[in-house]
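The next part holds the structures, each set out as structure tokens.
Two complexes, one shared chain (chain A), two partners (chain B, chain C).
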Partner chain A sequence: MALAPKKNKLSLWQRIRQNSLAYKFIAPTFVAMLVVHLIPIVQGLYLSLLDVRLTTLTLYLKAPFVGLKYYIEVFNAIFGIGEDGTSSRVTGLINAASNTLVYTIWTNIGTLGLGLILAMLLNRNFRWRGIARTLVLLPWVVPTFVTGTIFNFIWLEQGGLANRILLGLNIIDMPITWLIGPNSLYALVIATVWRGLPFTTIMFLAAIQVIPTDLYEAASLDGANGWQRFRHITLPLIKPIAGTQVLFGLINGFYGGYNIAVQMFGGGTGFAGEYADLLVPAITRQTWERHLYGFGSAASVILMGMLLIFVGIWYRAFRDSLRAE
Partner chain B sequence: MQRSRRPFINWLTLLTLISMILVACGGAETAPTATTAPAATATTAAQVEPTTAATAETAATTEPATAEPVAGEVTLKLWHMPNGAAPADAIQAEIDAFEKANPGINVEPEMLDWGAAFQRIQTSVQGGEGPCLTQLGTTWNPTFAAMGGLRPFTAEEITAMGGSDSFVAASWATSQLQGMEGTFSIPWFADVRALAYRKDLLEKAGLKPEDAFKDWASFKTTLATIQEQNPDVAGIAFPGRNDWNVWQNSSMWIWNSGGDLLSSDLSEATFNSDAAVTGVSEFANLYSSKLTVTNTLELNSAQVDASFGDGRTFSAITGPWLISNARTAADAGGWANRTVADNLAYAEFPAGPGGSYTFVGGSNLAILKSCENAEAAVKFVQFLAGNESQLRYSQAIGMLPATKTAQADASIANDPLYSVFISAAAKGKTSAPIAEWGQVESVLNEQLGSLWDDVATAGGPVSAEVVKTRLDQAAQTVNELLGN
Partner chain C sequence: MGVSLSKKAESARSARATINYKAWLLDRGGDILLLVIIALMLLPIIFLIVGSFKSREEFAVGSNFFPSDWRFENYSEMWTRVKFGTYFSNSLIICGITTLVVTILASMSGYALARFRFPGAGGLSMAILGTQLVPGTLFLIPLYMTFLWMKNNLGIPLIGTNFGAIVLYVGFFLPISLWIQRSFFATIPIDLEEQAMVDGATRFQAFVYIVMPLAGPGVISTAIFVFLTAWDELLFAWVLNVQTIPVGIRQFTGVAGSQNRYELLSAASVVIILPVAAMFFLLQKRFIAGLTAGAVK
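Coming up: the complex of A and B.
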């Protein structure tokens, strides 16, 4: 403490006073965030300790207190242990968790990889660049529910657009079944990537555009080839943006998929089958259809915890590039 | 300069903060009064526009009435779901007729999406605020009744509607709650399932309907024969996993096989009995025996209906709503394939060892406990349960009326297509009137849905063991939910 630099000597209150104008400006937003974020979060946390079921729902926050009962139940379900070896009131969570992991990895690879490629293509000079950039943005304006509905038709085994194209190009001989069986997860991944691509593309494009061109010119003079210029100039300079994208991707992957899945499979039932059932649809279904509200809150809190672990890993991986920003 | 500006900013911040806190905290009390008034005017205005001048006049007269409350002038809010092809028009026709006969009572409809309706109703039951009247899916009645959210109908009110015997038995059963005395909703219309088929193809095969759909064996022979004679037409189409009707479609095979969903005291799952496993296996293996549309397991109900309408399949598991597709001209939205339209026919489900039953669903009408104008609401329910409205509304939405009197009306009873549903409904079965039904349904849908994944990937017939494993798993979960 004694070694702390002199400029840090001001107390917190003094610092707030010093920047009072700024604090006043953010105060309304702060209160709004408090109301719409913090209160529901705290309520959700508290709810996860209560026995809120169909019969106790009207009591809501006055429902009987059960402590960590639901947390234990969810952990039992995930690790397959329980009083009698199974905890069957809660089903399919472990399956949904592993699907979610695969889903998150693939949607991130898809949106980040393709986004970067598209951004680099769109950064080049060509005749219809303006139109191309606009077209790339189109999926972004399609609501996720609509995306699900559209892809339900695209994936149809008979007469669906995907199989028509694949058959027409002679890539496959027999139509592929997308909407049932093991391919359902990939059907969901591709639809999600399609919807998420514009955002990553535009972010990467913005990042690439601010890289000074003289860096590339200098590298070319030194004899660096295209790959070397990408590897040593583009990649390091877009790393902060890429880091942010990975964070968004993680969050979207863990919490996402609901709208698209609900519309693409089942037109509203929210069950995409064991192959493509994700955590949020599974928790939502079990919470609302089975009226296990306390359980649902506990499961959501655990999901949040899991995500925090991944965000922690992410922070370690991208800490340096974020500081460089 | 800076000093003089400060107080202003301080005041501005304070004002913003106070107003935000007021808005946030006062939400529960102030918001409804603030929003209901403009919302009400907006909906009335929106509805008045397309309707006749007469309704515009009524709306105009209501204006001063709200300013100075007149005894007996009430507004009932009604939540309904998109029933039929033109849901807003269909319900408005009933409201107009009711308001004409009952001056002083106005009904304000609001349409909810099926996907969101359950949660909306639940929230309003929990919060004690919501509409006066709501449509309920038949399986929802026990849930909301158990939550204590529904106002029971009195014996006199039911007698005024003709008594419980005047409703289709399976529909009436859905208005009850096991373990609690009372009728919590009134059946509005019935959704009865049957087998739609092509008359022309059956005739071409030289088969008579009474033989072709007699039992499971004859049914499979029929499908195989039709497929052989018509290479472009599949035997049958039905929705697999990607649909709302997962347990409903399988339940008919369980019942017809001699099984049941729950034990007679409704305390235990029995859908994993040997008979039930046989029934579900029989159903599942229609696909493995290649008697179905090749991609039937990925289709939803609408897509199944479309594949029938396009002539791609000889038969389909569906409901009475296809009748309007067949009878509407192609340029007015009916089926483009007129051969199919002219040859639509229905049959009851082929009998299994346990008999021939069908699923009866549909919707009921309930009055929420929070309703302040229950007397007027009962009047509206009685109107909708009346013969005239039953006939008009059910035909407008392509469902079956829920009352026997309306079903016996010549326009339905003598109709060759509708009459099949009436005899099927008499043998109808439905969900159990227990508060936990929603949970039972959810578990069943999950395991039966996964069974369709198993069937799709099996590459051949699925064994009874595979079916049993799924149903056992569902039974274990259901029993746990039922408290066993």
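Coming up: the complex of A and C.
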């Protein structure tokens, strides 16, 4: 674009011809996106209005039209209207939605908080800095389904690593049940934070490293203490990176967790139980094991709506740092 | 002005002596905290590795951290017990080809988005980012139906084949990859291309011979990112019935009806981590440089 002579009065056709190479470069990508993303997304939205189940699957887009039936079912259940008609698939979904919210909030707090602390610690001068920076990357190379496997073993009630360490240090005197019941969601959160920590740490470290050191020196001369320097120099300057990390965290929180959960719970059957069932595993079960394809689509749209609400809040919070870029 | 500055420096200097030991203490506290966090991050991986050498009984009891008898034969048993070789080569083929195709296409389209302000660029950017906000469960059903239809009506074997997985993953990982590439191209100065074009190169030649060599770290970041993510993909592979590692590894646990063989599952997990770890640490410096360049600038 910098090469093009700056004439403002070009017709659309001229501008298209001028950028013909760009279109050639984009064309294969556009076709791939159209086939794998855009067309299926539109079809998926439409599917959520159809009664597609095992018996009507072959009809596909010609399956009986039920309109907003599934959405109304879910909203009725949320607001307690028509309780008799509430089916297990809807209560399961609402339960999974609330778990997903808690999971997303805690994984974000854990990854961002620990990631920032770790980045600050790694940014100091010390002898083994190079090795330390490499070691913290290790969880990143562990695929998430393997992460689920590892933590399945770690959380085992009898003989699991976590209980043995906690018993050995006399922190607890009875083994904790990690994989069933109320603890299971936090067992999932910890596994997710462990896997996500390296990426966030590296991003924060990169952001902290480019902050000019004279800013800190000047602040010290003016008598600012460590906390004040952190609060008024470090935090504002890493806000753009933090913004991207929060967005990734929201997407991963709402849409992720499937691989870890599937491998961690139920000895491979993958059902986490009511305390730790997230939306994506729940929707997957409804869709592919109970063959409720239309309902699964509607549930996916509701999941997307949940994410978009949070992305909206995110956008308001980080709008300024986005504009600065 | 100058007086007040030197006064401030003076008071800071005298304060420094008292602060010094406090800072030293804080620093040592930081060391200990760092040590604890790193230990906690490494422990699960070490646990997995030592567990893969235990006998089945020892793993189940879990009384020792280290195996009393290191059973290297777990690895050969794991390999023969399920079709691990098939899963492994399927995953390598699918992830390798996907990475290659995605990296080439993402370089081209990322370059186009970074350098040209063409009609439709804004809409395309929105569409690219938008795809990241849609849950996979929403477009998985239509994709499955489309692939099924293509198989039945056009005879294209897209279900249960490596080819189908590659088609799927290329489309799946392209948007995010091209976004990483785009932000990397944006950091490369445009002067070099302009110079090359003044010297008579076409824009395409400038891209291939001038820009791409400079984009090394960005290309490597994208490639590793795609490979890592594809290596890790379970849901779509499972639905499309592709025999990749994440799908196949579940045979070691209750799913396939066999008894749980956790020590074999551990051995398989170690083997699964190896190629990714090797690639990652060989290219670590450039990978991180590429990932952070676009984000920090």
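In this section, the second predicted complex is superposed on the first by the 280 of 325 C-alpha atoms of A that agree within 3 Å, B and C clash if a C-alpha of one lies under 4 Å from a C-alpha of the other, contacts with A are read in each partner's own complex, and residues count from 1 in each chain.
The criterion applied here is as follows: contacts are C-beta pairs under 8 Å (C-beta built on N, C-alpha and C of every residue); 3 or more make two chains touch, one makes a residue touch a chain.
In this text, all values refer to a predicted model and were calculated from it rather than measured experimentally.
By the document's definition of touching, both partners, chain B and chain C, reach A:Q158.
Of the two partner chains placed around the shared chain by superposition, chain B is the only one that A:E274 touches, whereas chain C remains out of contact. Looking at the shared chain after the overlay, A:A32 reaches both chain B and chain C. Judged by the number of chain A residues each one touches, C leads among chain B and chain C.
By the touch criterion stated above, A:I41 is placed in contact with chain C alone, chain B being left untouched.
In the superposed model, A:F265 makes contact with chain B only, not with chain C.
Of the two partner chains, chain B is the only one that A:T177 touches; chain C does not reach it. Of the two partner chains, chain B is the only one touched by A:L54; chain C is not. In the superposition on chain A, contact is made by A:D222 with chain C only, not with chain B. Shared-chain residue A:A63: touches no atom of chain B or chain C.
With the contact threshold set out at the top, residues 21, 28, 32, 35, 60, 156, 158, 262, 266-269, 288 of chain A are in contact with chain B in one structure and with chain C in the other. Only residues 1-3, 12, 15-16, 19, 21-23, 25-26, 28-30, 32-33, 35-41, 43-45, 47, 52, 60, 114, 117-118, 121-122, 124, 126, 132, 134-147, 149-151, 153-154, 156, 158-161, 164, 194, 197-198, 202-203, 206-207, 210, 220-223, 226, 241, 244, 251, 254-255, 258-259, 262-263, 266-269, 280, 283-284, 287-288, 293, 296-297, 299-301, 303-304, 307-308, 311 of chain A touch chain C when the two sit together in their complex. Those residues of chain A lying in contact with chain B across their complex are 21, 24, 27-28, 31-32, 35, 54-55, 57-58, 60, 86, 88-89, 91-92, 152, 155-158, 175, 177-182, 262, 265-269, 271, 273-275, 285-286, 288-291. Against chain A, in their complex, chain C makes its touches with residues 8-9, 11-12, 15, 26-27, 30-31, 33-34, 37-38, 40-45, 47-48, 51, 60-63, 65, 105-106, 108-109, 111-113, 115-119, 121, 124, 127-128, 131-143, 145-146, 167-168, 170-172, 174-175, 178, 190, 193-194, 197, 203-204, 228, 231-232, 234-235, 239, 246, 249-250, 252-255, 260, 262, 265-266, 269, 272-273, 276-277, 280-281, 284, 288, 291-292, 295-296.
Touching chain A in their complex are the following residues of chain B: 9-10, 12-13, 16-17, 20-21, 24, 114-115, 118-119, 122, 125-126, 143, 146-149, 240-244, 246, 293-295, 297-298, 300, 302-303, 435-436, 438-439, 441-443, 445-446, 449-450, 452-453, 456-457, 473, 476-477, 480-481.
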